[in-house]
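A, B, C and D label the chains in the order they appear, each numbered from 1.
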């Protein structure tokens, strides 16, 4: 029932999944930035639809959310944004549940999902929607053929992990460490344990939270990840460009350049695990 | 046992009893002022020895107390002051009990009274010493031949009045109205009632609290008082002179002039009650 | 974990195990009194907190309204408001759970000071998140928390008020979830918080119900409590919910007006029950002040303790069920009621609680012969606000404020 | 009306009839419960005031000192200190006496606010005299009195502090004695005030004695209370005076130093029991801070509530009789104890009460196994002073004060 674009993106080698907040710092620049990521080698792009209370985000993405909201981003504008994008990779909408719930004339997730399908989105990541509360959204995704990505935290184990894996589609977002989003200089040892726990489940595992450089990406993928998710390191580039008043083209080039580095890192890491390169 | 100077001062016609705080606003000026009162016709002079907590005084005399204390007045200086005075009328020390109690090497009123007798004082008025607490002072006064004047308030009646009249000597200070010292434009009707209550007691009755002009004095004496006590109206003259920087001689003249007016008023009043002029 | 369609657990995955652990602890310690938890909690509430608080017959208000008005005196609890009931319960529970650290959010500082007191009392390190704007406006409360040994961490994102502080505390919890307990300040948040905070606060109505029986041989006709997040409300109502004869009135902050500026994303009130729409905020489905898209609006009230865009899910449910009547009064009425109670009863109420008294003033004829008002806190914390807000208005019963123009 | 050689009635003659009338009323209503006065008083203390206040075992202090420390929590009384016990008693008595107006003095404002609350509660017009300097330093308390409907009249004479305010209130009383009652704020003044205020405050030790019996099956080895005028002290001691095994410690404010500057008329302390001399002040013979001549000195303490040059005559007598031990601690020790209690027990004490805890810190080894400390009031009123005074000193347990430099 699910969209197969996402699984496909992980099919041949490690997937590079960058994140940007749509409309940060303004609608037109943001279009350019997302397109730059695609040029830089993105296999999937997570597009943030900003919510006023982003409880799962660290300071970098909180600031991006504020910039985007202040520039006038709304769910309706977000769908226009997706339509206006000229990219050839699957897009995942990352947002909070209240925006999904409130969209359209009736309450509940269905109108939002319908519209997302219309504009060509492939799936959702909803950080404040654990598997226990996800059935209505899961049903709407099934109805309209979209994927629902769940986040697996270092603390997710046992029954809860099973419940989530029964509902997930597209890929799982493996949270590399506790806490909120944000680029870090270290990569947590918790990642390996999480990947071990997930080994038995047949779904692509993309690791996020804290990845900042090609070297990080390399180590993560060498450690067994099927993909990497990178947000804050990219959003930092947008924020810096905005503060310094750099033109959008310059910022886009920087994004593309970091994207290439990350993608290359991921591929190096994949090469290192040649012995088990075949996916189980 | 008591000094007979005070009774004598009331013996022939109405007594004019002015009050000043000793040392207000400074030692030398204050000497001149007290002497001016004597020239103005004072029959007895009440000299205030300032206490830091003058609970029975209104704002005028409170301020005088502060000026005198700030100029360095102490009990020891007060006794010097009395010795330095060149007047020929009996002097009564008006002060609060703690100063009397603390004087000298032992606690209790005796050393103070002994010293007062030495320097030639005739008696005491102690506003915070009701008859119930007065026995130690009364005894010391008896020992050294001084008078102890009590204040009769408008609320003093019955047994309490008896108790007080058993202990009083010199004169009684008839408080013309409730409250604290201070010059007023009205003279209270409570005065007459107080004089009525006192009629049976054979001691001179001097009325104080609020007397300001010769006319007041006249009415009070016409109403049956044996004397008038005037403080705030005189202290006002000292305060004004001090504020305006007038020289002591000028201020002394004003004091003498008001004293004459008050004394004359008292005499007019006395003349009016010729029918009962003989004291009972 | 649901109250009708409200409630639930809408939180980041990282917190779900902690919430499961907390749910387990709640069920064992709070509901089943395992290891004598509830006994210890009640003992500490009594000895440290000062419970029971009195239910007082308010003579002059009774005369004014022609009915018997009773006050549940939560203003007399240690710290000056009902907040300690919850803070003490949660910090103690964290100790039973073996946690080593407490985090809490605070708006005006009442929940933060209560948590700091409880944490000092129980020797738990405590960090309180507080919006930068609130920190600047409530410096005495910041100082009190610091005196009690708590860290106070400014939240600079967004507008720097309660909403942002809650989000930030959730982030800390998500980061340090293994050794840290989040002491949420009201009957909001994901399950089990709304039920657990209600249970800790229900000592209010448990005592009041018994005290009313002693004083009047019966139950009140009405119970009135102000409602922001709703913890004093649920505390005051909980034990009366089963008494069908007792009317329950939740008085929300009507603020300046009940209208809403969708464009600016601002609601000039905090009346989530009266004017909000169902949605998901801070972990629970409930009534929320939000714009058409679902973005949370900035709320407003003269009382910072009521100034929140959400409300407890159970209270939303009880209103839907018509067991609780949601009403509101505006800032002017609350401020006037503040002055009236101060003058006629010798009790300076919190501005929050003043809302309940304003409702009594306006509707006493409909409330029956015996009315219980939850006096949720004292007003000492509000003196600066009262000066500022009274100056803006023409309140004829207010004392002459000339001397205090511009604050202390 | 005497306690050994102390006490008496040294007041202007105009007040003597009022004092006789009050003595009569005291004997009938307070001592003999005529017309159920004491019953009504106790009922109002319970319902309006929040009595009984708890006696709390202080766990962390107990651990620190290796003995059982108990706190009598007068900080939880309505208004935040023991002051209401007396104010409510006297205002109620004034009503029974048919008086139509209340006057009171106040220093830092604690007695004034308590009296204003009691007067509002009992619907009595109230005027509070307060030194101009104190008014400027204690504006929140002035505002609270005004909120409760009291007049606050500045006293501008002299230094504008408590001493002058008492004198001025006596003047008002002497002027309006027929319809007015003077609610004096401590166990000072002419008889019957010291005995009457003690009786109203002795509810503290009555409860504490019973609570100690319940908690420990016995009596404490020591009772510690701070002493300024001495009303919380006498309240905490009264019911233990007959228990010879119980040591009673009155902790005075040692201020900067116990020395005295006779020339300047200044005592840099408020330790009348320890350093004062017998004399007569404000209507009673007692221990007084005075110079050689008998002029009253300006006292000093970091705690404005202890800052008074006299002390209750009964307390002076009990010290002479060696039933009560007069001790003192200095400003530094009191301030340190303030911070310690705030951090370790989650209770911010009044600076007055902090003196008792400072004595405990310094002498806990001599106080036995079970120590009761009267926590006479809460410290919210002292926050500004604590900032100012902590900044001046190097108190290692104080929180970082940088953010609060210069006050709120």
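Basically, contacts are C-beta pairs under 8 Å (C-beta built on N, C-alpha and C of every residue); 3 or more make two chains touch, one makes a residue touch a chain.
Computed from a predicted model, the values in this text were never measured in an experiment.
Enquirer: Can you tell me which chain lies farthest from subunit A, using the average of the Cα atoms as each chain's centre?
Expert: B
Enquirer: So what's the Cα centroid distance for subunit A and subunit D, whole Å?
Expert: Centre separation, subunit A to subunit D: 66 Å.
Enquirer: Calculate how many whole Å lie between the centre of subunit A and the centre of subunit C, each centre taken as the average of the chain's C-alpha atoms.
Expert: 38
Enquirer: Throw together a list of every chain pair that touches.
Expert: A-C, B-D, C-D
Enquirer: Which positions of subunit D touch subunit B when the two form their complex?
Expert: 8-14, 16-18, 20, 157-158, 163, 167, 170-171, 174-178, 265, 277-283, 288, 290, 292-296
Enquirer: Quick one: which bits of subunit B touch subunit D in the complex? Just the residue numbers, please.
Expert: These residues of subunit B touch subunit D: 51-59, 62-63, 66, 69, 74-76, 96-103, 107, 127-130, 132-133, 150-157, 160, 164, 175, 178-180.
Enquirer: Applying the document's contact rule, which stretches of subunit D touch subunit C when the two form their complex?
Expert: Touching subunit C: residues 46-48, 50, 53-57, 60, 73, 75-78, 80, 116-123, 139-140, 142-144, 146-149, 339, 342-348, 380, 383, 386-387, 399-400, 403-404, 408 of subunit D.
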